[in-house]
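Two complexes, one shared chain (chain A), two partners (chain B, chain C).
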Partner chain A sequence: MIPPAVRITFDGDHRMFHPGDTLAGEYRVEGMQPDEAKAIELSVLWYTEGKGEEDLAVHFFERREPAGGNYVDLAQPCRFSTRLPNSPLSYAGRILKICWCVRVRVFVARGKEIFAEEHFRLGEVPTPEIVLP
Partner chain B sequence: MSGAEPKRMLEQAQWPPQPARDKAAVPPLASPAALPGGPPAVGNPFSTRPTRPGALSYLFSPGETPETILSRLESQGWWGEIVGPHGSGKSTLLATLVGALQDSGRRPITFAMHDRQRSLPVDLEARADLDAARLIVVDGYEQLGRWNRLRLKRLCRRRGWGLLVTVHASVGLPRLCETAVSVELAQRVVEQLLTASGRPPLASDQIARSYEHAGGNLREMLFDLYDLFERAPRR
Partner chain C sequence: MARTFRLYEKKRGNRRTGSKKLGSIGEALFFAVFLIVGCAASALMLSRLVIPEFRANRQFVESTCTVLAKDIAEVRASDGVHYRPDVTIRYQAGRDTQDATTYDITRTSFTDRQQAQAVLDRYDLGQPYACWYDPMNPDRAVLERGYSGWLYMLLLIPISFVAIGTGGLIYTLSHWGTSTERRATLTQKAAQVDLFEMAAADSNDFPHVPRDANLRNSPGTTLAYRLPIALAPGWRLFAAFAACLSWNAIVGLFAVMAVRSHVEGNPNWMLTVFVVPFVLVGLWLVYHLVREILATTGVGPTRVEISHHPLRPGQQYDVLIAQSGHLSMNSLEIVLACDERATYRQGTDTRTESCRIYEDRVFLRESFEILPGVPFSDQCRIRVPEAAMHSFKSDHNEINWKLVVRGHVTGWPDYERVFPVVVYPLGNGNPGA
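Then we have the complex of A and B:
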């Protein structure tokens, strides 16, 4: 039995975007019965990574829920599209990193969920050189 | 931006979320460094993201499982304290237990206390809607003032709620378990993190040095390794 999985793809397989570009793509939920998914959420978000508390902000959000007592249609890929903001730009510093990704969370029974993330880069801030003393 | 997710995040900040039980089903994070022409080389395996409680799996002693500990908690009337020094995995264990509680019929309400936070952020006394199947979970129980701890205990008794807390030294609640760190455990944790991020293993003497440097505090050791990872030549 194949474990449930979420596949996210970007149009043109691009991973590099500039502010104002349109990020578009689709996601598929595989290995799951149609009535298993209680809701699906897609977020385009950035988060910080480092040794401290994470910061996180959602730029774009969509939630799919069963309509009229039916179930979420998992048979078809679901498309998404959003215009990317001017900031924050992706950054890979030593103390702090800023990461952008598309995250899909599929909520199933008993509060469980599966999720997937696909990272992309916004802007062209170069990776800083480390200067040793 | 839709308002739904930010609202949920606010709720989670007040009532921290339960960790996903299906960790095994969660696909590993993409390795951004490996993406063609893609994102910056992010993904330090020792950053907060993969090491925070709930993301990092607690490594149980042989013979212990979440179920055996919860069974002990149930036999204690759902009251218990997890005792251990700084950085020994109390919060990580708690996150694992809270996840396992989903199936036990006890519905946890979790509070993560911060420095100098002397009271709970919610007035539980006023929450008549909370039934007796609740389990109040307080991570960092010692932060609460003495009077607030007493009030909380009385409230839990009166309402039939369970009470599960983490502390550095016993506060007189029934002992559920103690957390302790060893260099062997530290090595297993590092191995777990590196495997999950698809990185090659670290030499055991390097881990032992970081462990010593951090004074046996696992959290500090992971911070030490974060710096070590960042000092390594970038690809």
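Then we have the complex of A and C:
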């Protein structure tokens, strides 16, 4: 039996975006019966990694659940599209990283969930070179 | 490639967070304990104090009684023996005659026997007095009515427990099973509701880039804006003074005890060895305070102006520096710098770590004099690197750009003054474009 999984793809298979670009793609839930999902959440978000506590902000959020009349046919891929903001740009510093991703959570019975995320870059800020006196 | 859900939570630096479900359960239990303790204490106070006093004052029926006997009862309590005045009375409750041993509804007792005796002295045997009996339970009566006053303030304690427990449980349960992203979305929406629309619209153009309104509200005399200093020298001096005073006041007490033990010929070596490192820290704080006093009083104000704000990667800007005072300068320099700043918790401590990722000296003047009333003034040009990351601020992480003025003065402590600036990203997010 194939374990359930979520696959996320971006249109054109792009991984690099600029502020104001439209991020579009689709996700597909595999290995699950159509009525098994209680809710599906899609988020376009950034989070921090590094020394500090994790900060997170959601740029685009969409929740679908049967009770809301927004039922998703799991057999069909679900499309998403959003215009990306001006900031914060993706960044990989010394003690701080800012990572952008598309994250999908599928909530199933007994509080379990299936989770997947795909990273992408917003902007082209390179890794900083340390310049000390 | 999509990844399945991780067994552990996200790794942060060298740390992993624990299970969110366990955390939620622990949080719910914590608030449940608050609620249970608060409810139990509230119920106890209501049943033993509030309701009986209310009924005695509002519902008990007035009658006349005769004092038959009086005595002081000894009551053992956790803090020792208490003394309770007991007055035995006979009174008419409707058609029945009742006997009761009483004083007030809460059966007040005193730690001092004299106080109990003073209560009893108010009643003479065989004399008639007013009393009040419970119409629902006529064999219960009191000689004194009234409210316990300040005891009602104690109700605030269980009520606050109930409030914290209830609020915490509601918060925990409402977030139970809610994803991190959904919580973040709800929090962001709630934050936007109470913001002024103008402010929200302004900040939404460049989310999580600090606003620069405070940096542009002071016009310069030569260039467009006069930049505010990050921390005024007066505050640095106050902080140094407060730290020096509080530390040395405490350490001084132990130092005096140690010295006295030696003077009296009975040396306490344990205390002496223990106190030495603290004394050394205290001496360093005195040295630091003296440096701050000299730097604050001896060096006049530093003014920095800039031709444009906010800054953008790849762009050039004029900067003016003006330094007042009566100084013989070895050197004066301006540095354009960028720091990453991260805040994290380690146990119960909140720690902040900073890392300089960019530093470029944009101005240097060596060996010159500054005369009183004639401030030194000069201009230079700065250039924000094309590949620069923009300023950034979130709850626990920051990227801060700044102009740092460093002065090296002959015969005087060096000083450093920081003037924050904000770097915005380019419109297309490509710093090199």
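As a working rule, the second predicted complex is superposed on the first by the 123 of 133 C-alpha atoms of A that agree within 3 Å, B and C clash if a C-alpha of one lies under 4 Å from a C-alpha of the other, contacts with A are read in each partner's own complex, and residues count from 1 in each chain.
FYI, a residue touches a chain if its C-beta (ideal position, glycine included) is under 8 Å from a C-beta of that chain, and two chains touch if they have at least 3 such contacts.
Note that the coordinates shown come from a computational prediction; the quantities given were computed from them, not determined experimentally.
Of the two partners chain B and chain C, more residues of chain A are touched by C. Looking at the shared chain after the overlay, A:Trp100 reaches chain B, while chain C stays out of its contact range. By the touch criterion defined above, A:Asp55 lies against chain C but remains apart from chain B after alignment on the C-alpha atoms of chain A.
By the document's definition of touching, of the two partners only chain C reaches A:Asn86; chain B does not. By the touch criterion stated above, A:Gly20 is placed in contact with chain C alone, chain B being left untouched.
Look at A:His119: by the touch rule set out above, it reaches chain B but stays clear of chain C. Residue overlap on chain A between the chain B contacts of one complex and the chain C contacts of the other covers 3, 5-6, 41, 43, 47, 49-54, 56, 58, 61, 63, 91, 94, 111, 113-118, 125, 130. Those residues of chain A whose C-beta lies close enough to touch chain B in the complex are 3-6, 15-16, 41, 43, 47, 49-54, 56, 58-63, 90-92, 94, 97, 99-100, 108, 110-121, 125, 127, 130.
Interface residues of chain C, counted against chain A in their complex, comprise 2-6, 10, 12-13, 21, 177, 179-182, 184-185, 188, 205-209, 335, 338, 340-345, 353, 355-361, 387-390, 392, 394-397, 399, 424-425, 427-432. Chain A meets chain C in the complex at residues 3, 5-8, 17-20, 41, 43, 45, 47-58, 61, 63, 85-89, 91, 93-96, 98, 103-105, 107, 111, 113-118, 122-126, 128-133.
The touching residues of chain B, counted against chain A in their complex, run 1-2, 4-6, 9, 18, 20-22, 24-27, 29-30, 32, 35-44, 47-49, 52, 102-103, 223, 226, 230-231, 234.
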